[in-house]
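Here it is, the structure, as C-alpha cells.
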Amino acid sequence: LTQPPPWGINTNIRLTLPVVCFVWQIAMIILFGVFIRYDEESDAHWVETKAHDNITSDIENDFYFRYPSFQDVHVMIFVGFGFLMTFLKRYSFGAVGFNFLIASFGLQWALLMQGWFHSLDPQTGKIFIGIESLINADFCVAGCLIAYGAVLGKVSPVQLLVMTLFGVTLFAVEEYIILNLLHARDAGGSMVIHTFGGYYGLSISRVLYRPNLHQSKRMQGSVYHSDTFAMIGTLFLWMFWPSFNSAITDHGDGQHRAVINTYLGLASTVLTTVAISSLSQKTGKLDMVHIQNSTLAGGVALGTAAEFMISPYGALIVGFFCGIISTMGYIFISPFLEKTLKIQDTCGIHNLHAMPGVIGGIVGAITAAAASESVYGKQGLINTFDFTGDFKDRTVLTQGGYQAAGMCVSIVFGVVGGAIVGSILKLPIWGDPADQNCFDDEVYWELPDEEEEHQGSIPPILEYNNHMIHKQQDL
Amino acid sequence: LTQPPPWGINTNIRLTLPVVCFVWQIAMIILFGVFIRYDEESDAHWVETKAHDNITSDIENDFYFRYPSFQDVHVMIFVGFGFLMTFLKRYSFGAVGFNFLIASFGLQWALLMQGWFHSLDPQTGKIFIGIESLINADFCVAGCLIAYGAVLGKVSPVQLLVMTLFGVTLFAVEEYIILNLLHARDAGGSMVIHTFGGYYGLSISRVLYRPNLHQSKRMQGSVYHSDTFAMIGTLFLWMFWPSFNSAITDHGDGQHRAVINTYLGLASTVLTTVAISSLSQKTGKLDMVHIQNSTLAGGVALGTAAEFMISPYGALIVGFFCGIISTMGYIFISPFLEKTLKIQDTCGIHNLHAMPGVIGGIVGAITAAAASESVYGKQGLINTFDFTGDFKDRTVLTQGGYQAAGMCVSIVFGVVGGAIVGSILKLPIWGDPADQNCFDDEVYWELPDEEEEHQGSIPPILEYNNHMIHKQQDL
Amino acid sequence: LTQPPPWGINTNIRLTLPVVCFVWQIAMIILFGVFIRYDEESDAHWVETKAHDNITSDIENDFYFRYPSFQDVHVMIFVGFGFLMTFLKRYSFGAVGFNFLIASFGLQWALLMQGWFHSLDPQTGKIFIGIESLINADFCVAGCLIAYGAVLGKVSPVQLLVMTLFGVTLFAVEEYIILNLLHARDAGGSMVIHTFGGYYGLSISRVLYRPNLHQSKRMQGSVYHSDTFAMIGTLFLWMFWPSFNSAITDHGDGQHRAVINTYLGLASTVLTTVAISSLSQKTGKLDMVHIQNSTLAGGVALGTAAEFMISPYGALIVGFFCGIISTMGYIFISPFLEKTLKIQDTCGIHNLHAMPGVIGGIVGAITAAAASESVYGKQGLINTFDFTGDFKDRTVLTQGGYQAAGMCVSIVFGVVGGAIVGSILKLPIWGDPADQNCFDDEVYWELPDEEEEHQGSIPPILEYNNHMIHKQQDL
C-alpha cells in the first residue's frame, strides 16, 4: 500500500490542471468585464425601471417567478448529477469533485456563449444577465455533465475541462439553431440538453474506446454504501425535475402545467422501471442500476412536451414507455453498444438521456402538430408556441415539423461534435489513466489511509490470528 | 456466499411485482384519461381566465404561493422518509427503493381518490388538478409511508403496494369525513396523516406479528454509516416541516404563521429529546435512534394547530412535551408494545407519528375551542376556521368538539382499516421473507459483491495469513 | 471492545446535559411568553392590515419574498454545516448531532437577543417576529456553528451549548453596533457572521489549547465514505449560498443582484481552489480538505458586497483570490497557527471563514466607497445603502469608512469574546474528553456494534482461518 502506484508520469496533472484552471478563469474575468452586465431587473436602476414601466410591486420582478426553480435546478446540477455518479466503489471523489469543477467552469462559459448567441444587445455590445440567464447556464452545463457520465472514470480532469469548453460552445450553437432559427420549443431540453449531451458523450466515448478496459474490471462495480450515495443523486434529480422542466417556461399556466406533467410522468416511470428490473432477474430481484437511472427517463422525455397541453394521462403514458425502454436499454442495448459499436458508456447515458431525449423530441413534435385552438384557446396557442413576430403565421403542423428538425440538429451536433472533440481528447497530453487504473480515485486524489477505518473491527480477527500464533508456537 | 439463499421460492416476486406494477399503472392511465384534467390555473386557457377574473398579474397564480412549499414536501416524501429508514445495516436499498416505489404509485392513486371525494366537478364529471392537488397527493402518500415504518424489513414490495392501495383509499375517505363532513381543520395532518398513518401501520404490524422475528436479530441494528445516512432523512424532514404544515394553509398570514409555529416547536423538541436520551444512559451518552426520530415529534404535533394563533411560546410548549414523550416512548413504550401487545414496530412510528399525532389532535381541539375574536380579529377568525357557507354559524367551542371528533375518526380508520388490510396481507401469496431473512436487502435486491469493498484493507490480513501459511509450511 | 472506555467519570454528562437542556428550554418558553408575538404579516389580523394599508394581494406578504431563501438558509445551517463536519472518520454523529442541538437552542435565543436589540417595540414591550426574524436567527446561529468548527471533536455538548449561549449574545451586540449604530451594510454577514464567528472560535480554541492532542492523532483523519458525506455539506452550502447572501437584502433588484454575484463568485472560487490544491501535491493530486472547504470562500467574501453593484466580473475576481488564499491557508497558515500560535483549528475555519470574512469586509468597504450615482442611480444609491433617516446625508466615502469600522468591531468581539468564553469553558466541570479521546463519537454516543458491519466480508477470512486450524490440527 505504500508502494508508488503502477501508473506512470502520464497521470501527473500538476502542470496542466492548474494552468488550465488559472488561464481559463482569468479569461472568464476579462470576458465578463468586457461583456457581462446586470439586466434591468437586477440593476440598482430597477427602481426607475419600475416607475417607468408602471410596475406596482417588487414581486413582479422575474426573480420571484423563477428563483425557487433555479435553486432546484442548481441542486440537480451539483448534487443530482454529482451523487448519481458516486455509485462506483472507488470513484466517488471523482464523481462529485470533477462534476463540481466542470460545472463551475461551464456555467461561466455558458453565460458568455449563450449571451453572445441569444441576448447580445446590438446597441451596447453587452450581455445583460438575470435569473433566467443563470438557469440557462445551468442547463447548458447539464449537457456536459451528461456527457461526463459516458466517460466517467476513464478521463482526467483536464480532459473533462476541455470537453466542457467545447461542449458548452457546441451547445450554444445548436441551441441557437433549434430555439431561435427553427423556433422549436424545448423548455426542459429533451433535444437541446439530453439528446445533444447524450450523443456528445457517447461519440467521445467511442473515439476514446479502450479495448483493454477489462483490466479495471475489479473497480467497475459498486459497493453497498456507494449505491446508497448514488440514490441521493437519483432522488434529488427525480424530485426537482418538475422544476427543471418548468424553470424557463411561461409565467403562470406554463410553469404550472410543466410541473404537473413532469411530476406525473416521473411517477409512472418508477413503476415500469421496477417491473422490468424485476422481470430481468431469475427471482425477481431488483437491480440498483435500473432504480438509480431509469426512473428518471420520464423526466427527460417530457423535456419538450411538459409545457404543452399533453394532458395528465398523456404524461403518464410517456413515463410508462420510458421506464420500460430505459430499463431494457440497460439490460440489452448497453452490452450491445459496448461489444458491437465499441461504445463504453460508464453510467449508461444512452439509456437515461440519449434514447429518452429522442423520444421526448418525437413526443414534442407530435404534441405540437396535434395542438388545436379548442384545447389551448386562441391566445393560449399563441402564447404556448410563441407564434409572434416572424412566426405569427406558423401553423401547428409546421411547428411539429420544425420540432422534428430540431431533434435532428441536436443529434448531428452531438455525434459530429463528439467525434471531433474526442479526437482532440485522444492526444497523449491530457494525463488520462492507464487501462488498469480506470475508475480509481487513487489516480487524481489524495486518499485517506483506509486501514484506520477497520480499526474497530479488525482487532478481533488479529486477536484470532495472534491466538493462532500462540497455538503455532505451542506446536 | 455463493450458495443459494436459504429462503425458498416464496420470496420470488418475479411474477407478482411486474404484474402489479404494469396492471396498476395501466389502470392509472385509463382512469386519468377519463377523469383528470388541468385546473384553470394550469390550463392554457389561463390567459382568458385572467382577463375574465380581472387578475392583473401571473404571480397571482396559486402556483407561486405554493410551489416552494410543494417542492419541500416532495423532498420530505422521497428523501426524508426514504433516508430516515436507511438506519438498518442492510436494508438501505429497501428503505429508499421501496419508499420510492410506493410513493410513486400512491401519489397517482391519491390524485384520483382525493379528486373523487374532494373536487369532482358535478357538471363535467372531471377532476381538475393544480399545485394544491399535488401537495395533497404527497400528503396522502405520507400516511402510507408512515405505515411502512412499522413493517420495514418484514414485508415484500408487493405487500407494500397493496398496503398503499388500501391506505390511500382509506385516507381519502377519513380525510373527507374529517375535513369536509366534520369541517375540522388539519392543515399539516396531525390527525389525517400522522394519527391515521401511525395506527394503520401499527395495526397491520399487529396482524402480521412474527413470533420468531428474533431469528433476524443480527440484522436489526444499525452500523455507523447507516446511522449517518438516516440523519439525512431526519434533517430534511426536520428542516422542511415548516413547509409541510404550511403548504396548504391560507395565503398570507396563514402560511406565514404555520411556518413560524412549526419552526419553533421543532427547535424545542430537539432540546428535550437530547435531555431524555442522555438521561436514559448510565453515562449520559446519546442514542441515535432518539435523535433520528423524536426530534421530529414537535412537527407532527403542530400539524393541526400550526395555522392557529397558538402563539410562539405555545408552539415551544408543544414541542417541549413531544420531545419528552416521544423519546420515553422509544425507551419504555416500544418494548411494552412488542412484548405485551405483540406489535413489532421497526421504526417506532408509535413514538414518532401515532402518539404525537394524537397530541396534535388534542392541541388542535383545545386551541380551536379557546380561539377568540380578540386574538384573531372578527374576519381573521372566520378565515382561519373557514366559518363560511354551511358552517358560518359554528362557534369555536363547537369547532373544538368537531376537531376532537375528527381525531377519533382518524384513530378508528387507522386501527380498523389496518386490521382488515393486515388480514389481506397475511395471505401466503405475497412473497414476504422468512423470519430469519427479515431486514435483509439480499431477499429483494441484487447486492454488490462486498468482498471487493475491503480490497484495500484485507490484503494486510491476508498477507498475514499467507505469512502464517509459510510459517506452517516451515513447520 | 467490551471493556469500559479508558476515560474517566469526567465525560459523564448525564446530569449536566439534561439539566442545561431542560432549564434553558423552560427559560426560552417563559421569555417567549413574555416577549415574542407574531408580527402583523403573520398575525390573523393581517386581513385588517391589508385593508388598512391598501395591499391588494396576499402575495405582497413578505413571506413570499423571503420564504424560498429562508428554507435554503435553513438547509445550510442544519445539513450544510452539519455534514461539512462529518469528514472525520469517527465523529459524524457529533458533527451532525451536536450541530443540530446547538442550532436548535441558538435560534430560539437569537430570536430573543436580536429582538431585544433590533425590534423591541417601545410601546408594547414586545418583539414581533416574522419570516425575516427566522432568517436572522438562523444567521446568528451560523456564527456559533462556525466557531464549533474550530473546536470540533475536542469539547462536550454542554460546552457547545455554553459557547452558543454566549456566542449568540455577543453576536446580537456586535450586530447591533455594526448594522444599527455604524449603519454598515452586511446582508450576507461577511463581518457580522463569518469574521465574528471565525475569530470567536479561534480564540476559544486558543484558550482550550491541548498540548497533547497528538494522542488522538489516529482519529484525526477521514475515511473514504466520511469524506463523501462531507461533500453533501459542502455542496448544499455552495449551492444555497446565493440564498444566504440575498435572504434579507432589498426586495427586487437587491435580492436578484445578490444572487447573481454570489453564484458567480463561488464558481470562480472552485477553479482556483482546484488549481492550488493540485499545485500543492507532487503529482498534482487533489486534496479533499481543500475541495470541501476552500470552494466556499468566495461566498463568504461576498457576504457584504453581494448586494452592491460590484458587477459580475468583480464577483469573479473576489472569488478568484479567495480560492487561492483559502487553499493556501490550509497548506501554509493552519500548520503555522497550530505550531506557533497554539491554535488547533479542526475544520480550518480560519481559512474558510475568518480570512475570507475579513476580505469580504474590505471588499465591502471599498465597493461602498466607490459607489456612484452614475452606477446606482440616485434612488438606487439611497435604497442600496439605506441613506434615509439619520443617515440621509451620509456620503459613500463615509459609508466606506463605517464599513471598515464595522469589520474591526467584528474582529474585536470575536477575539475578546472568545477569550472570555474560552476561559469559562476551561473550568473542569463541562465533561470534555481527555486528550487521547478527542474526535471520537464513542465518548458521547451509543455506537452500533461494528463487528456486524463486516459480517458479509469477514466470513471468507474466518473460513480461511478455520481452514488453517484444521491444517494445524492435522499437524
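As written, the chains take the letters A, B and C, and residue 1 is the first residue of each chain.
Please note the rule applied: a contact is a pair of C-beta atoms (placed from the backbone, for glycine too) under 8 Å apart; a residue touches a chain by one contact, two chains touch by 3 or more.
Note that the structure is predicted; figures quoted are calculated from it, not measured.
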item: Omitting chain B while every other chain stays put - resulting connected groups; value: one piece
item: Numbering shared by both copies at the chain C-chain B contact, with half separating same from different; value: different
item: Gap in Å, rounded to a whole number, between the CA centres of chain C and chain B; value: 31
item: In chain B, residues with contacts to at least two other chains; value: 59, 64, 68, 90, 225, 232, 450, 453-454, 461, 465, 468, 472, 475
item: Footprint of chain A on chain C - complex, ascending; value: 1, 59-60, 64-65, 68-69, 72, 89, 218, 221-228, 231-232, 235-236, 238-240, 242-243, 251-253, 255-257, 259-260, 263-264, 266-268, 270-272, 274-276, 278-279, 281-288, 291, 295, 309, 311-313, 316-317, 320, 375-377, 379-381, 383-384, 450-451, 453-454, 458, 461-462, 465, 468-469, 472, 475
item: Touching residues (chain side chain A, partner chain C) in the complex; value: 11-18, 21-22, 24-26, 28-30, 32-33, 36-38, 41-48, 50, 57-59, 61, 63-64, 67-68, 71, 74-75, 78-79, 82-83, 86, 90, 92-93, 96-97, 100-101, 104-105, 107-108, 129-131, 134, 157, 225, 229, 232, 431, 443-450, 452-457, 459-461, 464-465, 468, 471-472, 475
